[in-house]
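Each in structure tokens, the structures are laid out below.
What follows is a pair of complexes built around chain A, which joins chain B in one and chain C in the other.
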Partner chain A sequence: MLKYIANRLLQIVVTLFIFFALTYFILDAQPGDITLQYVNNPKFTKEQREALRRRLGLDKPAYVRFFQWMGNTLRGDLGESYQYRKPVMDVLLERAPRTIFLFLTATLIEFFVGYWLGRVLAWQRGTGLEYGITVVGAFFYTVFTPWFALMMIYLFGFTLKWFPIGKFLDVNLWRTAPKGLTANQIFINLLVTMTLLAVALVVVYYLTRRMNPYRASLIRWSALIGGAAIAVGYWAASPVAKYAGDILYHMALPIIVLTLINFSGTMLLTRTTMLETLREDYIMAARAKGLPERVVRDKHAARNAVLPVFTSLIISLPFILGGGIITETVFSWEGLGLTLLTASTTGDIPLVMGSFLFIGTLALLAHLVADVAYAFLDPRIRYA
Partner chain B sequence: MTTAPAETAFHIQEPLWKIRLRIAWKGLKQSWALFTENKIGLIGLGIILFFGLMALAHPILMHTVWEPNIYDPFIGNDPTILQHPSPPSARHLLGTDPVGRDVLSQLMYSTQSEFILGLLAALVTVTIATSVGAISAYFGGALDAFFMRLADLINILPFIALLVVLTAFFDFGMIELALLIGILSGFGGTTIIFKAQALTIKVKPYIEAAKVAGGSDLHIIFRHIVPNLMPLAFLNMMFTVTGAIFSEAALSFFGLLNLRMSWGIMINTTQAAGYLLGGWKYWYLIVPPGLAITLLCSAFYLVGRALDEVVNPRLRRR
Partner chain C sequence: MKRHLLFVFSLLLIASMVLAACAQATPTQPPAGATQPPAQEQPTQPPAEQPTQPTTGRAPVIRFATLEDMTTTNVWALYDDVGASYWNYIIQSYHWPTLFTLSDQRFDFIPALAADFPSEFTQEGDLYVATVKLKDGLVWSDGSPVTAEDVAFTVNTVLKFKLGLNWQSGYNPDYLVKAEAVDPLTVKYYYNQIPGLSLWQYGALMTPFVNKAYWEPKIADALAIVNSDEYKALEQQVADLEKAVKEGTATQEELDAKKGELDAKLKEAVDILHKLDNKGEPTFGAWRLEKWEVGAFAENRVNEKNFFIGTVVEEYANGAYREYKEDGSYEFVAYGKPEGEKVLEYKSGPYFDSALYTLYGNPDAAVLALRNNDVDFLLNPSGLQKGFVDQLKEDPNITIVENKQNGFRYLAFNQNRSYFKGEAGKALRQAIACMIDLDFLTQRVLQGAVLPVYTLVPEGNGFWHNPDVPKWCSGDDTKTRMEKAVQILKDAGFTWEKEPTWNPARGGSVEYGQGLKLPNGEKFPEVKLLAPSAGYDPLRATTGVYIEQWMRQLGIPATAELTNFNNILTAVYDTGDYDMFILGWGLSIYPDYICTFFDSGVPSNPYGYESAALKEKCDAFLLESDIDKAKDLAFEIQNILATELPYITLFTNPIYDAFRNLEYPYTEVLDGIGSGLYGGPTIAKPAAQ
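Moving on to the complex of A and B:
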């Protein structure tokens, strides 16, 4: 196992190197460079342009610059963003918490809803309910996201005024915020709360896994509700409750939209794997033993069918960093996706490379985690 | 003694292509029966046919009923209407856009290019993925490792993010975009699916038989493995079409593509002119293209889902 992990880590390093080289040279191959944005200025002479190019290191050949970038990156220096005139690392660290919190919450809700519905769907095969949910699910799965999000903003934010339109906080409220309180602190604290809650739930799930399904599900549900109540209570009692509430209120509509768009992917995947699992011999054996349908479904079929769904959850986690370009644009949520979009449209190569570094590294590590976790969950898989 | 050669001669008299056609027809009929068992596939097929008719109807309408300088999707303008955008009327069934062009004509014109984009991207994807999948499954070793690492490499990037970056830095038209999407998804995730399938074919007895009979590597790959990958290829084409149309629309919405007209561009025009949150009053600017993208994407997706049950025997109902 350790040898397998070491081997995979080595492969990851090689893959990342090739990936960075490819992206760097593709970005470099574009016509023109950053200095062209001043070219319409009559005071910007040719000499000045050359001086600027020299200062930014653009006069050197691309491969020299690539190895320089690589060396600096290994030393933890991602360079400076052309656009914001700040270190790329600062820009990314500022944007990361809001993106991670929004998309992590949405992804977890979406997987929960999708898994639950997919289980029902596989059991209701061939009924009108199945066709109905599948067609509705396919509609949401393939809906043109910007259009759908705008319709939702229009309906709930503009006409009904239930939710705020755009941005992640109310500027007027935050003007009165105590000195030193930043939105990022709240985002990070919320993330910590959520992680603790998730760990607690996993522990409860693990402890109850051998119990009678009825009792286990009762304990799990009460743990979920109790844990959520404690978390909410803690935040409501804290002095920054007003500001955290403001952020959560702004998050509600994006989360609803993301859940609606994404749940059917999980739902249809769960249905497919459930249907495949149902043809296994052990399901027939369980039925022949006279077990109730609910036990066959929840304990025998669903637990085996959850494996691919779990893998897809882990693999989808790194995409929350960059996959939210459309959502972040439509909701003016200034996270990593929107940063990547503006960086690429303005030719801010250091920032683009920095975002890709984040996304690429996390994606490859998530693949490794998914493979290793799979071996623990499914005893049939062994890595020699 | 005399009857036996006559009988063989009778069988050979029928040309080989006729026999092959008959077998293919029989297989098709069986698959169709399985396909129609699932109603969601038929719903999808119906929607695709509807859009196909729309695409075909546009040139006919332009030549007969619609006056070119009023209904042209790029430069048309109706001078009898004072204020554009104008709501749906008898002359313009879906109204006119902020520049005075007929929305229905734009919608129907774009349908053609969406079909071309989707099908071209799907064709490129499937051609690459089938050949690469079959070759790396058959030969294995270093070649296999190379293609699989390449697939991982493409897989780790969010597709839309990569397209956003590439289209922001380079000028892309419809054909280039179709080729790019085709190449990316062909060498990316799709290859892995095809390789897995090709691996199960490689160990079948008829491959061994072909080898014993002296078939060359290329002969075995392209005459024995690839034809057996075709059902899977057909299925994957449907999902690629969905992805391609969606990607084009999203990129056009951001204004990153150099296209004259598409459904995404229609939404982008509406947004650029500031009518996006103008209320239900301007629904005819945003609902038709948005709904068209969604419907066509989900139609191909539904057909793909239904084909999945035809191709994958484990999903069939007993």
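Moving on to the complex of A and C:
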């Protein structure tokens, strides 16, 4: 296994180099550079433009700049954003918490909704329920996202006024916030809370996996409710409760939209893999043993069907860093997605490369994690 | 089982303890050394007032929707190329003072912090000097006096660091040598020649200045670099090399290498300057930055120490300008006796305690927010799109205002190409201008969404606009246009295999010319007209297609290529590989652009257009310090440009603003309220219920 991991890590390094080189040269091949955005000002002379290009290092050939970037990156310096004139890392850290919190929450919710519905669909195959849910799922899966998101804002934000029209906070509340309190602090603490809760639930799941399904289910639900109660209690008692509540309130509509748009992918994948699993001999054996249908479904069929679904979840997690350009734009959620979009269109190469560095590295590592996790999830898999 | 349960609850207990530990770090003070940069919040003084407890008699807040975030609050970066953006300026341009400004609506040159108009220039040794006196008793937001030292410090700092763009156009190092404080209220400027209006009245005197006491210690590190022996030695070496290159004793490569070293050193210093924290910086304007939550909103609060709060402004039909305080403590009058009909009168605000700028990721959301009464005004540099205007018109609580834009769209030619060059090229451009029926284009094709423009200074800029420039074939019908265009080309020596003719059948139409030949007998080559794609700007895309056809009617084998905006900019400003293009300009009030666009001495001219007549007039115009003489020259220059046609001006878009809950003392303003006045937070009042 160790040899396999070492080999994969080596492959990752090579793949990353190719990925970075391609990305860099493709970005550089775009017409113009960041200094073009100033030429609409008649007072921006050619000399000023040349001086700016020299200041940004754009007067050097692309391959020189690429190797400089690689060298600096290996030393932990991602360079400076052309637009913001501050370290790329600062720009990313400024925007990452709000993107990660929104998209991680949405991804987990849509994964669980999709997984749960997929199980139901496979089990209820051929019924009206299956057709109904599949049609609804296919509709949301294929709907034009910007239009749908705008319609949701129009309906729930503008007409019904149940949710705010975009943004991640209420300015009227936040302009009176205590000095020093920033939305990023709340986002980070919410992320810590969510991570702790998730870790606790995974541990509970691991510890209860060999128990009687009914008892295990009871404990898991108790842990979930108990953990959630503690988290809510902690935040309710916090002096910044209203600010956290405000952020959660602003998250509600984007999460609903993201879940509706994305759940069916996981749902259909789960359904397909589960249908295959249901044809396996061991399912028949489990039934022949007289096990209850729920045990057959949850313990024998669903657990074996979860493998590709789990892989899909793991691989999708790194892309959370990229955010959703459409979602962030429509919901005015100024995160990494919007930053990446602006950086790409204005030719802010260091910022784009910085974003891709994280996304690319994490994506490849996620593949590795998924492969390694296979060995743990499925005892039949062994790596030579 | 019990063991398992115990373990689970132990874990939950540990989790709750960790959370409890975090709870102490959550509060109002960010943890020291936190890696996440906090939202920029400034300045810290005076302490934030709770907006819900107004004590000033003002309304609590005026709410703007914005579409992009600020990128910097550092004044050195803000007026340099780094920070020069509409989205930075709408929030921060009110913070720093200038000595002079332009009056409302009429754009008269009037003192701001200056007590009166500047002195005449006199010669002192090799230099030319003028002085400006500041108003007495002015204070910064921290209560310290505004002095001539502040102005001189700013000018000399900008010159020392060779700061660019807006700093440079104000304090231009090619002409301005230094500034010094003669006494606490008198600042003296030293120029190497008598500066024209664009350098002096509309340049240095309208460029912001900062608080010396705050910034002087802060810039010490950056200053140390440009004052170092190493830097001075590099400067000397570059100067020596420049001389040596001229004498032929050194190569250009050697000079470039040394310049590169000097640039790198200067960059190091400027980077320090651009990144200096400006927390607590004293400012002067009616607003000061209270809070900036990155990616969400920014808030300005009233600077109660601002001198101009409560000042009454009057403009008279006879041209007179007057501003005064009602308690009699201040009065300034210019441009005649303030008597007769008042065309404008208002009392300067702010009428709100705060100005709140909320960021929306897209115009749809911002428009919904306006309709939902979440904001009062939607800010956008190009105003509202027509589609949004139609939506908002249905809401009786929303006011839509239409204004003229100080800008135009134009067709330009690459005169580095032989077929657009010289007298024949001029005739060709005139013939094309004759074929372009601007009235038909703007009224019929573009459905009245735009207004035709015949000269580079749009009609909205009334003082500088020359209404009597040549308007090629204006008012003629299609047949006459075609005939006149053909005659212009014939006179210049162009010939055809098949000349364009008028076919009277079915109401009449032009029979397209074929095989156009240049005066030297060569066949006119295929040419491309670059225009923005319909997705970016349907008006210019449509115009491009029509111009293609008009050119084809003359037998010019033109093809409109509707392409990405950046592709056009790259072709025009980088590769120079283009024939014609359609782009647009947003303009300043003072029309020095009529020269800077085309002066071959200025390297921002990418068109290869050279004109001795224009150069002569421009040399005089740019150095002219008398406004009436400058106006005459500007009119002559417009005449030259409308004749020689380096640009064929096409149209200008009206600009639309939408707001609610607000009243303005005037809404007719060039470039609109959102673009021209940045939303006018200082003059806006809460609407009467």
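Please note the rule applied: the second predicted complex is superposed on the first by the 379 of 384 C-alpha atoms of A that agree within 3 Å, B and C clash if a C-alpha of one lies under 4 Å from a C-alpha of the other, contacts with A are read in each partner's own complex, and residues count from 1 in each chain.
In the analysis below, a residue touches a chain if its C-beta (ideal position, glycine included) is under 8 Å from a C-beta of that chain, and two chains touch if they have at least 3 such contacts.
Because the structure is a prediction, the values reported are computed rather than measured.
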item	value
First (chain B), second (chain C), both or neither touched by A:T142	first
Touched partner set for A:Y131, first chain B, second chain C, both or neither	first
Partner chain(s) touched by A:L248 [first = chain B, second = chain C, both, neither]	neither
First (chain B), second (chain C), both or neither touched by A:Y154	both
Chain B versus chain C, judged by how many residues of chain A each one touches	C
Partner chain(s) touched by A:F331 [first = chain B, second = chain C, both, neither]	second
Which of chain B and chain C A:V369 touches, first, second, both or neither	neither
Chain B versus chain C as contact partner of A:T176, first or second or both or neither	second
Chain B versus chain C as contact partner of A:A231, first or second or both or neither	second
Intersection of the chain A residues that touch chain B with those that touch chain C	30, 150, 153-154, 158, 329
Chain B partner contacts - residues on chain A that touch it in the complex	11, 14-15, 18-19, 22, 26-27, 30, 125-126, 131, 134-135, 138-139, 141-148, 150-151, 153-154, 158-159, 268, 272, 275-276, 279, 318-319, 322-323, 325-326, 329, 337, 340-341, 344-345, 347, 352, 356, 359-360, 363-364, 367
Of all residues in chain B, those that touch chain A in their complex	39-40, 43, 149, 152-153, 156-158, 160-161, 164-166, 168-170, 242, 246, 249-250, 253-254, 256, 267, 276-277, 279, 286, 289-290, 293-294, 297-298, 301-302, 305, 308, 314-315, 317
Complex contact set, residues of chain C against chain A	1, 4-5, 7-8, 11-12, 15-16, 18-20, 22-23, 26-30, 35-39, 41, 44, 48, 50-52, 63, 69, 71-72, 77, 81-82, 84, 164-166, 168-169, 260, 263, 267, 270-271, 274-275, 290-291, 293-297, 299, 354, 356, 358-362, 364-365, 368-369, 371-372, 374, 564, 566-567, 569-570, 573-574, 585-586, 593, 596-597, 602-604
Partner chain C, residues of chain A touching it in the complex	30-32, 36, 38-49, 51-52, 54-55, 83-86, 90, 93-95, 97-98, 150, 153-154, 157-158, 161, 165-169, 171, 174-176, 178-186, 188-189, 192-193, 196-197, 199-200, 203-204, 207-208, 211, 215, 219, 223, 226-227, 230-231, 234, 237-240, 328-335, 338
